[in-house]
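I am attaching a structure below and will ask some questions about it afterwards.
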Amino acid sequence: MNLLAEMSWPEVEEYLGRDTRVILPLGAVEEHGRHLGLGTDFIEAEAIALGTGEATGVAVAPTLNYGMSLPLMGFPGTLSLSPHTLVAVLNDLLRGLYQHGFRRILAVNGHGGNVASIHSAVQMLAQDLPGLRVKSFEWWMDAEVNRIVTEMMGEQTGSHASAAETAFMLAVRPNAVKMQQLTGRDAPVKPSREITTQQTFATLYPDGIMGLDPSGATRAAGEALLKKAVEICVRELEEWPES
Amino acid sequence: MNLLAEMSWPEVEEYLGRDTRVILPLGAVEEHGRHLGLGTDFIEAEAIALGTGEATGVAVAPTLNYGMSLPLMGFPGTLSLSPHTLVAVLNDLLRGLYQHGFRRILAVNGHGGNVASIHSAVQMLAQDLPGLRVKSFEWWMDAEVNRIVTEMMGEQTGSHASAAETAFMLAVRPNAVKMQQLTGRDAPVKPSREITTQQTFATLYPDGIMGLDPSGATRAAGEALLKKAVEICVRELEEWPES
Amino acid sequence: MNLLAEMSWPEVEEYLGRDTRVILPLGAVEEHGRHLGLGTDFIEAEAIALGTGEATGVAVAPTLNYGMSLPLMGFPGTLSLSPHTLVAVLNDLLRGLYQHGFRRILAVNGHGGNVASIHSAVQMLAQDLPGLRVKSFEWWMDAEVNRIVTEMMGEQTGSHASAAETAFMLAVRPNAVKMQQLTGRDAPVKPSREITTQQTFATLYPDGIMGLDPSGATRAAGEALLKKAVEICVRELEEWPES
Amino acid sequence: MNLLAEMSWPEVEEYLGRDTRVILPLGAVEEHGRHLGLGTDFIEAEAIALGTGEATGVAVAPTLNYGMSLPLMGFPGTLSLSPHTLVAVLNDLLRGLYQHGFRRILAVNGHGGNVASIHSAVQMLAQDLPGLRVKSFEWWMDAEVNRIVTEMMGEQTGSHASAAETAFMLAVRPNAVKMQQLTGRDAPVKPSREITTQQTFATLYPDGIMGLDPSGATRAAGEALLKKAVEICVRELEEWPES
Amino acid sequence: MNLLAEMSWPEVEEYLGRDTRVILPLGAVEEHGRHLGLGTDFIEAEAIALGTGEATGVAVAPTLNYGMSLPLMGFPGTLSLSPHTLVAVLNDLLRGLYQHGFRRILAVNGHGGNVASIHSAVQMLAQDLPGLRVKSFEWWMDAEVNRIVTEMMGEQTGSHASAAETAFMLAVRPNAVKMQQLTGRDAPVKPSREITTQQTFATLYPDGIMGLDPSGATRAAGEALLKKAVEICVRELEEWPES
Amino acid sequence: MNLLAEMSWPEVEEYLGRDTRVILPLGAVEEHGRHLGLGTDFIEAEAIALGTGEATGVAVAPTLNYGMSLPLMGFPGTLSLSPHTLVAVLNDLLRGLYQHGFRRILAVNGHGGNVASIHSAVQMLAQDLPGLRVKSFEWWMDAEVNRIVTEMMGEQTGSHASAAETAFMLAVRPNAVKMQQLTGRDAPVKPSREITTQQTFATLYPDGIMGLDPSGATRAAGEALLKKAVEICVRELEEWPES
């Protein structure tokens, strides 16, 4: 596989002579309920990125493990970049990739809180860097992926630390899953026009789970879900002509 | 009506003795097809804010006319704050409101490109400012509002410079509507994981309209839509206990 | 009139084919004594800008309602951008205007606290943007305007929330004038080398008025003053060859 | 004399036990016509500061030699901080002085381009630092000083690199004065609403002098002028009760 | 082992009840000669951090894979944060750790280019965060570690991509080592007072190796070196009383 | 001598026609034990810069008196730029020098805390400014200089406010030396992996001296040391071909 981490600079040079695509996994370090590890988001993003890299031969950049998690800072262990910092990091990384000749960048983003910063960074860079193209894939917002989740585990309204995330982690990092810590409580996602912050999140979702209790999560669903996510990323990379 | 623009400082002082709510209209200056004025977003936001202020007596702050419109900078006349600048502006305004004693702020946001910055600003401020609460209302993303649009003008898949926006402007600022400039072309919104930028927007939507041709827009629908939007904002303000 | 707010992008494109001038009104939201609305500065700037646009056909950009008002933050309702934020906003707007082809920009600035930021932004942009030219007009600092003020209302030493400002508002937004709130107190402007801040302003000028009590302000003087201000702006635009 | 540069930390500690005043000289490095050295502004500011320190025993901080000189960057040798950088420097220095216990700071500012940044920095710091008071003295804008200039050298309309500045430099650093380089050309200061930038300054004032040819400058006038400037600064320090 | 990535928030909460130490591995993504992978620095830092976490039970935070590598941007694949961005990231992470209650942070830093930013971030935070203590360990600058290198592989003057680094990678990630790519060329480190930049680095060290050809590197030396590095980190954590 | 402070712009223009080298002295304002003035670092840097300018005819820029001294802020009188501010200042100055045509810049840096910022600024600028070359000279880190120190005053382990610094100041600014304030206490430099901050510095080095008591410092050693430092700088300038 083409991991930038393991490639030497002459190997990258050679790669850029025949391909301008790269996969960039983006994560976060934040609470995921009483039962999942703080690294859930970057572990999931990396799993999809590695699967996609293996299937396509497209180079995979090292994972940015930290993301924008301000509203969850009330939970012990959450570590957040400010939105401004995250935009600066993405600006530096994307600008660097472009400088070397990469042009089509697939961000495999494991965390909702990063979406705004990815868009900001790309839209600002587009002023300067002609031909830069960035796709962003968020597995848990994907209709095809969610169809599998529903088929295998029933209707799931949850989002953060949900059955889908739990299943995913059972498949890729069981050490970070402690099902016995689940309380059985549901915390239905309350639609509201009030912006959720560190001040209000813990009141709305005291266990750190948004949605139904994920006790029914299965490793098999996680594996199916990962397979589908990789399949979509492969398709996105293959159907992406250089501009 | 309680317009901050017309209130003197002793009047604001007196107001704050009995209420901590305020309405903040947020707009943008960007192309809206061949037929709508560049000010569409701030004109609409201001119309809803004024209607809501009139109905409730809640103070209305002056409109922030400019917003984050980078992806549309390719069209003549679009003027955009960078995301970083917009966050700084919102930080200054919200911090100022808080310093005076405002605690519940309803952002009536007329522009999708502002959403990320509003969230960023509020989530950062929440670290420092206990008791600050911010709601954000986006009329075009609202299910109730969209139901009216559909009832009165048929199914509309459009988003930017759509029939709904056109109807709204016919109702509130007909001078900024030039229906004769419409080309009749549809530009269906193409779902894509590629992030739209200044480089790609004009290729996807050459007239600057995202969606179906809005020729069928009616002033009556615009009036109904505005009424509904105000009704929702009034409800949001009334059902908002101080924390 | 050529309001950018009402012009569509093809209209701006057509305009830029024959003219590179634009008027940009800049305001502030800050206390103006016990009798004037917080929006005084942007209301006045907008009135001059609209009058000038009407007389010349030069395009008028939407008003930036907020400005740099830090020293007045002690008075309820004042909302201030930090100097750094204001420079960022002006940088974004001027850069955007330049990108579309505007070259001669008349800033109609209604607020003294903005002057430094306008100069900073323009002087920094001038490093990058050849041919950018910016004029800044401040009505209350203008000798011709002040002559009219004196002729019609007697010698006025005041500056902020003065008889001149009061007259102006009587002419353009009487709803924002509450003459009955005036106390009759004079607060002579004390020349000092100490920099006025939020900590000291309210001590020096407890009503928020700098100068003589403006009870003698008349609407007629306001109208004459506006007419003269527009006349000067028209002249500035007409005697401004493209470089 | 109490030069911070020569005082050890226990001496500063002892000083702060009996006084909270300090003098901070601010300069610039920029062209001053064909005849004066680039350091003119900081040399003058330092001369006044040292004279004042000697007369009062008030501590004198090291000079900030560089200032905001963007509009003069077109002339070889001018070195400018951006306005943003200068505000950051002043913020750091004033905050540091305050942290140690200084409360009354007299900025002896030798350069017009610094004024806006001094005001910005102080007005922002005033939000955080109760009791911070800053005076700013600009010798060339002072009526008393200008009276002496006129008495000794006749009416002078010049400002930058004028007869007054030349006289001052003859008095304090004759090595930096080359009278033989003067061309005898006058460059009357043209009042204009257009903001002067690097692009336009050299066209308006090709020798880098704003105003009348300063050939008539005398060392005696420079000495008188310095004496008066020091006298004013002494008065400002003496008539400045701690708040 | 206490990996934050695998710990849930209640587990972190429980940990903080008995310990305030944490290990933070810091890396870089940059060329390491023709034979080592771009991820060398973060792979090495993570290996030491994991070893130390295992030996002590101290929590290990996720690795920051990217660092400050500007001078190496001329080599394909190097990706660098600007110094300003890196300081912002470290500020956010250290502030977050502190907010949760961590007080003694051992940064296991795999990259020389990060040292300045770590110091900057910590020294700025120390103004605000009483009791924050940070140690920084750089294995290749350590006398004890270098003694082992010399004993096992002879005198090594190299630094970047040296025999020591090569041995380390043979021990922990042989997939990222391609010994056959070595050219046998030495590139002695030239002491110079000129600051090395992207413009000059590749001229001085064309293969991207600073120092002697590392062909003699052995896995055994890498293992010994890692063991020693872990031993030192364990000692640093154990001999670190809470202040 | 070619002091920029005394040169007029036509003289700089003429100089740049034949030379692209310049000397930039960088200092700091920070405690230097009970016996040395706060300006020690900039006084020393300026002395070396002036000596070098005199010997070579290379232009000398005005001294940047302030530097990065955060860890010493606990001692009265220390004034520090934040690292971010210092990088911004250096960026502005180096960019300005480059704009005028200077290409080889010798930073005579009197303060260890500035090193990181000098490197950061230069490495960032190198992305944009082809041909920019910067050398940085730190006298107290120089082997040749230290040999003289040892020969004349015995082995010295001290660094900050040491015998070497004391000797230097006796030679160049005896007014800033108060030998009678010395306590005779040694404060051996304790090697530690913990990053020294404002919180810990004063505990480790209560007098503000790092190392042995400098009572044995002699003016003769200071003169020899300065002579050697100048000699090295002259050599660095002479053996520096334009690229």
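Just so it is clear, A, B, C, D, E and F label the chains in written order, and each chain counts residues from 1 on its own.
Just so we're on the same page, a contact is a pair of C-beta atoms (placed from the backbone, for glycine too) under 8 Å apart; a residue touches a chain by one contact, two chains touch by 3 or more.
Because the structure is predicted, anything quoted here is derived from the model rather than measured.
Peer 1: Strictly by the touch rule at the top, which chains does chain C share as contacts with chain F?
Peer 2: Where chain C and chain F share a partner, that partner set is D.
Peer 1: Report which interface contains more C-beta contacts, comparing A-E against E-F.
Peer 2: When E-F is set beside A-E, the one with more contacts is A-E.
Peer 1: Given that chain B and chain C are copies and touch, would you call their interface same or different according to whether over half of its residue numbers are shared?
Peer 2: same
Peer 1: Between chain D and chain E, what is the gap in Å from one C-alpha centre to the other?
Peer 2: Computed from C-alpha means, the inter-chain centre distance equals 48 Å.
Peer 1: With chain centres defined as C-alpha means, what is the inter-centre distance between chain A and chain D in Å?
Peer 2: The answer is 55 Å.
Peer 1: For chain F, jot down the residues that touch at least 2 other chains.
Peer 2: 73, 82, 84, in rising order.
Peer 1: Between the chains shown, work out who touches whom and classify the graph as line, ring, star, complete or other.
Peer 2: Contact map by chain: ring.
Peer 1: If you go round the ring from chain E to chain F and onward, which chains do you meet, in order?
Peer 2: E, F, D, C, B, A
Peer 1: Along chain A, where are the residues that touch chain B in the complex?
Peer 2: 70-71, 73, 82-84, 87, 115-120, 122-124, 126-127, 130-137, 192-195, 197-200, 236, 240
Peer 1: Which bits of chain F are touching chain D when the two form their complex?
Peer 2: By the definition above, chain F touches chain D via 3-10, 12-13, 16, 29, 31-39, 42-43, 61-66, 73, 75-82, 84-85, 88-89, 91-93, 96-97, 99-101, 173, 175-176, 178, 181, 208.
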